[in-house]
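Multiple structures follow.
Common to both upcoming complexes is chain A, partnered first by chain B, then by chain C.
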Partner chain A sequence: MKILLAADIENYSYVAAQEAARFAVNTWADVTLLGLEHADKGTHEISQRLAKALNTYIEFFTAPSSPFAGFDDRSLVKQGDKTWEMTASGQEGRKKLRVLVRRGDALENILAQTWEDEPDFIVVGGAVAGKPEWLGEINLPQKLASTAPCSVLVVKEKKDPETVVCCLDHDHVSQESLEIINQLVTQHRAQLKVVGIADGKGLAGKVEAKMNEVLRYYTERGIRSWVELVKSEDLSQFARNASASSLIGLWLGKQSLLKKIFSKRMLEQLIGEAGSSVLILK
Partner chain B sequence: MSEQTSILILDDEPIVTKRLKPSLEKKGYEVETFTESKDALQRIRQRTFDIVVTDLKMEGMDGMQFLTEVKKRSPDTEVIVITGFATMETAKESFQKGVFDFLAKPFKLGEIAAVIEKADAKRRGR
Partner chain C sequence: MGKSLIYLNEDLASSIALRFAAQIVKQTGMKLQTIHVEEPEKEEQAGTGWVRRTWEQGLIEAGRDSVQRLLKTEKVDCSFAGEAKVVVGDPETAIMEELLHGIYDLYIEGYLNTPHSQDFHDLLATRRLRHMSCPVLIVKNLVPSNRVLFLLSEAVDSTQLIQDFTQLFSQAPERPPIEVTLFDYRFMETETLRFLDNGNSASPIHDAEKLLMEKGWGEPEVLIVQGTPEQAAHYLKDYGLVVSSYPTRTSPRAELIALIPNPVLLFKQAVQPEKE
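Let's look at the complex of A and B:
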């Protein structure tokens, strides 16, 4: 498994780094930590604040018992006009931790790194309303969730949710997304609720069959799970309520009706208002 | 590849074995796949494999018992664990039992191919 953690110097990135590290250490994932800095920093060395933040984030990953143990004598080496890569010695760990810095447009830089690394999912921190946002980019996690080619986990707080709620409205669910949910449920020792979205005519046959298949997939693997039906017109309210205490997952695949229900504005609102983390599954 | 490297893959999800087998065969490996641990167990009693890739959580004999059996019968076989339910405990236990690497699902074909290549290089370097 590969994870891309995108982080700046703000508190939400600190929390996202803690959560990403906890997940990566348990799953032995390969990780790219991408530090982001504003374009107005010029072409000189990266700021002390970002360097300090990155070192803090690296510590979350590199405890002696971790698969990323080591990572000493760190040094950021300029790779191009606006990119740096960290070199380190003593990497005794079995898994790869790559640390990079990109300066400039945060969203563009995260997407560029995503195309390069092809991670299974991206982890970003979500700012609390009214607090500093991603290098001046309003709603960056929301925009990333809409545009990224892979799943995106927007971390809102350091908490183990009791339930992972996944909303499903179409019959195409990728194996990768099922497996990401497995790992999250295992990590948090949570139970799983699969929510089907019913329109006026009830749940379409194909979706109902897929829901049963998904439910069987998880119960056979010993995950406590159940299904619930929600009317499409009540979904955004349901998702907002659920996101107060549960980790909420939305399957926003190409064939998804959720994409229509959750217009870009509503998705932005949900991620912005969610009390807990939100996982956008692709 | 001078001498064909043999690989046994055990995963109760047919989608995993279906994806891996053709891709690894294309790279020149000899691959046998199993979705039932009892069948895989029977096979390792008949012959040894250079590399074994096993899931952990399965019906019947689980992957941890299976890899223990593989290592008992053939200590030189390199074992790679793949799991949809990774924890630090299962990873540690796997390494204590001598596995070569531990991969959490999902993974891309390129990732597991790279790990198999490393395991093969280690085996050939002995």
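Let's look at the complex of A and C:
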């Protein structure tokens, strides 16, 4: 599995880095840590504050018992006008951590790195309302969730969700998305709820069959899983209520009705208002 | 040997119900009888004599195939009473007739929970469940069947409930290793669920506790709890099967039974008034 962690210097990025590190250490995922800096820094070296923040985030990954262990003699080497890559010695672990910095428009830079790395999912922090946001870019996590070609985990404040609630309305569920959920449930010692979205005619047969498959997958792995049925017209209210204490996952596949139900504006609203993290699965 | 009737369709609710039912019938030493009802569309119901019989036979074959596919997929390990019964007609009538003629100790069906408790109240109000002659197990989710919680209130005859429940297990080859909890629920609008002192040994919950121990079910956990149905439902998620009596439609206990995601086993009792 490949993860792209996009981070700036704010507290939400600190929390997102912790979450990504727990995930990566447990799954032995390949990780790119992308530090982002504002365009007005010109062509000078990156700020001390970002360098310090990156060092803190790296520590989350590189504990002695971690597969990323050792990341010494760090040095940021300029690659182009607005990009840097960190070199380090002593990477004794089984996995390598890649650390990059890009300066400029944060959303564009995350998407550019996504096209280059082709990660399974992107981890970003989501600001609490009224707090500083992504280098002045308003609603960056929301825009990223709408536009990124892969799954996106928007990590909210540091709170373990009681339940991971995954909403499904089609039958295309990737193995990667099942594993992402499996890991998040285990990591937070949460329960899992698989929610089927019913239209006017009820739950489609192929969705039921897929829910059964998903249920079986998790039951066999000893994860306590619940199923629930929600009517499509009640979904946005249901998601808003559940997101207060649960991590909400939405499988937004190509054939997904959820895409219609969760218009871009509603998705942005859900991510903005959620008290817990939001996972957009693609 | 006792017999359970399970109503199956080729859907998720039935898959879950079948898997949970297999655990329960093994524990109780019962056999499982499956029934599937093919409900024809109104415009399909045409013809008489040979034409109608051929058409019905086709529906029965299709229904039998769907039950076979379900049984094959779920690969449940339990003892069956016989081949699947497949009937053409109205499910309410077909199930009621089968229960009337078949002499069953338990009726089982699956149900997918929704956030609207009214959907569950509507299920309990169906003819087949309203006129049920035996206990009903409604399986909403798959949980371990080795944790049982008796949901009690002042409207529940707790000793009768224990008698009826233990009677179900009377033919079990051995006492299943089940942890039992007695949960006396009292409605109150509170910030969080309150756990009350259960020191008063004269309360009915202690009679139920004594009866359980006399019947060799060990010492149960005893909880007397105040709160809203939503708070109690959230708490009960950590338990397995919830056992209670049929609730009256508008009581807080009815709301709690509707909201919990656990499977519920309901016994008919003489109606006692419940606080609204």
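The rule is simple: the second predicted complex is superposed on the first by the 282 of 282 C-alpha atoms of A that agree within 3 Å, B and C clash if a C-alpha of one lies under 4 Å from a C-alpha of the other, contacts with A are read in each partner's own complex, and residues count from 1 in each chain.
The rule is short, and it goes like this: a residue touches a chain if its C-beta (ideal position, glycine included) is under 8 Å from a C-beta of that chain, and two chains touch if they have at least 3 such contacts.
Values in this document were obtained by computation on a predicted structure and should not be read as measured data.
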| item | value |
| --- | --- |
| Clash or fit, chain B versus chain C on superposed chain A | fit |
| First (chain B), second (chain C), both or neither touched by A:Phe238 | second |
| Where the C-alpha centre of chain A sits as vertex, the angle toward chain B and chain C in the overlay (nearest 10 degrees) | 80 |
| Contacts of A:Asp105 with chain B and chain C, given as first, second, both or neither | neither |
| Which superposed partner A:Asn182 touches (first chain B, second chain C, both, neither) | first |
| Partner chain(s) touched by A:Glu273 [first = chain B, second = chain C, both, neither] | neither |
| Partner chain(s) touched by A:Arg221 [first = chain B, second = chain C, both, neither] | first |
| First (chain B), second (chain C), both or neither touched by A:Gly196 | second |
| Distance of closest approach, chain C and chain B, by C-alpha atoms in Å | 14 |
| Residues of chain A that touch chain C when the two form their complex | 191, 196, 203, 205, 208-209, 211-212, 215, 219, 224-231, 234, 238 |
| Interface residues, chain A side, partner chain B - complex | 1-2, 25-30, 65, 67, 94, 118, 120, 175-176, 179-180, 182-183, 186-187, 221-222 |
| Chain B residues within the chain A interface of the complex | 13, 15, 57, 84-88, 91, 101-108, 111 |
| Touching residues on chain C, where the partner in the complex is chain A | 11-12, 15-16, 112-116, 141-143, 237, 261 |
